[in-house]
Amino acid sequence: MSGYMHEPVSGIIAYPVTPFGTGGGGIDEDGFRQVTENLLVDAPAAISFLGSAGESAYLSTEEWRHSARLGVETVAGRVPVILGISELTTAAAVAKARYAEEVGADMLMVIPIAYWKLTDAEIFEHYAAIAEATDLPIMAYNNPGTSGVDMSPALLVRMVREIETVRYVKESSGDLNRMHAIRMLSDDSVPFYNGANHMALEALAAGASGWCTAAPNLLGGRPQQLFSLMQAGDVDAARSLFYQLLPVLQFIVSGGLPTTVKAGLALRGLAVGNPRLPLQVLPDAARTTLKGLLEGLAVEPVGR
Amino acid sequence: MSGYMHEPVSGIIAYPVTPFGTGGGGIDEDGFRQVTENLLVDAPAAISFLGSAGESAYLSTEEWRHSARLGVETVAGRVPVILGISELTTAAAVAKARYAEEVGADMLMVIPIAYWKLTDAEIFEHYAAIAEATDLPIMAYNNPGTSGVDMSPALLVRMVREIETVRYVKESSGDLNRMHAIRMLSDDSVPFYNGANHMALEALAAGASGWCTAAPNLLGGRPQQLFSLMQAGDVDAARSLFYQLLPVLQFIVSGGLPTTVKAGLALRGLAVGNPRLPLQVLPDAARTTLKGLLEGLAVEPVGR
Amino acid sequence: MSGYMHEPVSGIIAYPVTPFGTGGGGIDEDGFRQVTENLLVDAPAAISFLGSAGESAYLSTEEWRHSARLGVETVAGRVPVILGISELTTAAAVAKARYAEEVGADMLMVIPIAYWKLTDAEIFEHYAAIAEATDLPIMAYNNPGTSGVDMSPALLVRMVREIETVRYVKESSGDLNRMHAIRMLSDDSVPFYNGANHMALEALAAGASGWCTAAPNLLGGRPQQLFSLMQAGDVDAARSLFYQLLPVLQFIVSGGLPTTVKAGLALRGLAVGNPRLPLQVLPDAARTTLKGLLEGLAVEPVGR
Amino acid sequence: MSGYMHEPVSGIIAYPVTPFGTGGGGIDEDGFRQVTENLLVDAPAAISFLGSAGESAYLSTEEWRHSARLGVETVAGRVPVILGISELTTAAAVAKARYAEEVGADMLMVIPIAYWKLTDAEIFEHYAAIAEATDLPIMAYNNPGTSGVDMSPALLVRMVREIETVRYVKESSGDLNRMHAIRMLSDDSVPFYNGANHMALEALAAGASGWCTAAPNLLGGRPQQLFSLMQAGDVDAARSLFYQLLPVLQFIVSGGLPTTVKAGLALRGLAVGNPRLPLQVLPDAARTTLKGLLEGLAVEPVGR
């Protein structure tokens, strides 16, 4: 463990995609390092591997471990490393948490996945079991649209209060009321992060400690710039930048992050393979749209 | 007509409730003037009579006209007067628009009401017919939760473009994406106002020109203060104030504005009668909650 | 009062549209009588004037009274007459209930309309006030899609139990679970009627006492035939008939009953004017579709 | 392969739960056989292992294979065996399909699972790849509430038309309109099965070829009896039976099938272990409720 994470991170938490080799192969190590370095150029507050954008849920256990190792090695302490765990069973989540600690991650981001709807008690025990298995701080990640689990602000705040290492919340439901409730229910004591790209501006206004986003893969330092403008109180400039970025943010969300971000990286000259089936390559017409959006923002090729 | 409204208003548009006499009577003129003066103390950018908070939809035609006359007379040119029109039939809406112009209103705020769902063409023609009948500028008011009509950003922007006197949008759906879309679809040329109290902070971040709200009835100048802080770029102070006000804002929205604002005015020493049945007086337990919230904010009695 | 309604009606309750004179005029008396006679040909279990299909909510008070009088006179005791009351205020609903009793209606069908959301207590008192004002039996009508008021099965059953003359429920939410709950919560003691045309077959399977529908305006005796087949246990024939009728049922629901049924009556040779603005005449393309659907069912011109 | 399935099955398709050994162990073979025999007593039209009720999504690959083998062996040709495949990736689904064919299954029931939303093209290719890998007939299973994938009637019918071995649809969305649309879009040529227990009566009225249900685990032959009554046109008796069963059907659906059916089997004297964490054992209060419901129906202990 790198010794990071005594303080909550503040700013951009960048989410890389997971490059696959051609022909349906496993993790593409070279691509993985390039994607990571591309994000590190802009000095994010942290990097989170194996998130939604990283197709975490689609990887075999061995691939997940491979990515976890590679991620920690590649970052090599330059910024904190967060690893995402999205599992249907508690046993599998616990095993990954232990592995993450072994390989030197700094934090876990945990999202329960539902086939059958989970009660609050079931969700609580899921987190408690993971917390019991590792000393790593945990970010509880709410994203009902992908996971099928909708954790209420009351539950999230209760878990932070009652499970020692559950410390942060990532809110991706896109509902501002959740952020308001988390802040009010916790007397502003629970750092929450915005995971809904299309409302990043307003989440920062609402008091989010940071923005968890795959957008830096395509937009480089612009998300960080938005964060800094809001911190400096330059709301007009922040708003102006946000509306410039919004078409890209909306595009990558609505088309699915792995699909669209991989397409965008290819457009920037960094081939990272396809998303994993059934996810398909971005259709031609949509790629043309994305190309136009990136050109409109004068997005440059990935640095060499 | 007072000659106002050549420029879009910027800031707080205050919404009075409509006081009724005891015993199911009609408009209480004294109460009406007191409610209005209580709002004028804080110099709002405009006052809008006969809005949702004003129980516009529950008034007889004669009561609506009475309120319209009284409103214009009481304000007496100190700020612009906007009159709300919420009608099921186009004929009734047109008749009110004409009357509003006769009595000297400065602007109309028009919301179509649906029993049967309306097509975009039907909504468009409803606005076009009203615009044809009067020279007053029109604010198109979208509030699907009360009216049963949900006007898309595309339709709203199209109406502003194609109907000369439809110039502004009030968005009360509570969906930030609508505000984003209105701005992007119109190249930032359509002034939009936030009508969703519980997200006023973020709507201002998103670029709302103002905040349409009944909250000043209970909170005095605080909403204006929030607006000013955001304009000055003091996001931290604005956020801090917003979270102080938020419990009251959430309370008055969730309990229905006429019911809760009338109860709150009574707590401030200004008796304005009951809302009209079937709307009932705020239950005791809720009134105690509201009392606590107002005391927590050190809200003072109405101007003495 | 005609002395009907000691027993719950069983079968088809037919809903006429309200014909308007040309040039935006009021009730077209001749058209009104023709529309009524067209329904009486097939001997429905009852006729309900001034329902959703009858544009009840769009009429002036005087027009509503005119229609009420005309309806009772025209039917002249041949079948029970039900009058629909859809009002925002309790006072207006009570006044109409009294008038309905005066002119000799047999039953009221009452739907509260919401601008501001109503609590269960507010809804209950709305019905109680109407029941207090008249001896007529009352059918509580739930149609959240048009009225903005969603009455739960628990509330509906409680009102039938606690308000003596509230005796029946018309469920138009389109949710089978509501019908199940009404039956289970009341130990099968509350007769409920289906108001969702697109699931008439299944509502009858679920135990609905009847089907409230404007479809007989266009389909003549076919809805009655469906009811009879289900009563006789000929599920296969009922299903076969239902799927034949379903395209028309879906069409008239999705396009709005006043708009589509008036268009369909015109196609059958009975001109009944236009729906009231903002509701527009059915567009040409849709009318062609409807024409094809009616021809496919060999629907004949209105009887001469 | 057993040679079954040249004709669509008609009637009850019974879904066993998957018994686990105590202490978090794997498949309990004895329990598995007992659960299966308990279903075979009532001669269902088919048995479907590894469905939602069978916790298919929570099993390791090896456990899934173990269950598949055991299922085919235990049934031993007495009725057709359907195996459920619920996978996030196409590769994993294809591998299971091949294995199912090897061990002698008669049919596959395939549900795509989404983390990222799938386009219609992605869903189509998922099914096409599975169909390419095996000769087994395929039932496309739509259950958006558990899987996060909502397949429209148009897509389902198109897949049946264009992918040779995709022949049937199981609809668990609980939306009657879907069943209507499947029948109408396919000219009644696509057999569809109801997977929504709480509307079994009405789905049969609507023309479902059968009822896919875990209810026989607890209710024995009663679901089959409901099916037979509807086939015989005894709607009144079918309705009466349905409302008797409905509290149990609602209970097992709302509490999650693995949790509630395992609890119910234990109450019937057949211990089958716990559901897999994070799914917890049914809480005491709910178990008491379930006990009362089963006693009210005079449900007997498992086969003695």
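Labels for the chains are A, B, C and D, by order of writing; each one numbers its residues from 1.
Heads up, the rule we're going with is that a contact is a pair of C-beta atoms (placed from the backbone, for glycine too) under 8 Å apart; a residue touches a chain by one contact, two chains touch by 3 or more.
Because the structure is predicted, anything quoted here is derived from the model rather than measured.
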item	value
Common touching chains of chain D and chain C	none
Relative to chain A, chain with the most remote C-alpha centre	C
CA centroid of chain A to CA centroid of chain D, Å	35
Centre-to-centre distance between chain C and chain A (centres being mean Cα positions), rounded to whole Å	53
Whole-Å separation of chain centres (CA-atom averages), chain A against chain B	39
Where chain D touches two or more other chains, by residue	none
For the chain B and chain A complex, residues of the former touching the latter	176-177, 180, 183-184, 188, 198-199, 201-202, 204-207, 230, 233-236, 238-239, 243, 246-247
Chain C-touching residues of chain B, taken from the complex the two chains share	24, 52, 55, 57-58, 86, 88-91, 112-119, 121-123, 125-126, 129, 145-148, 256-259, 275-280
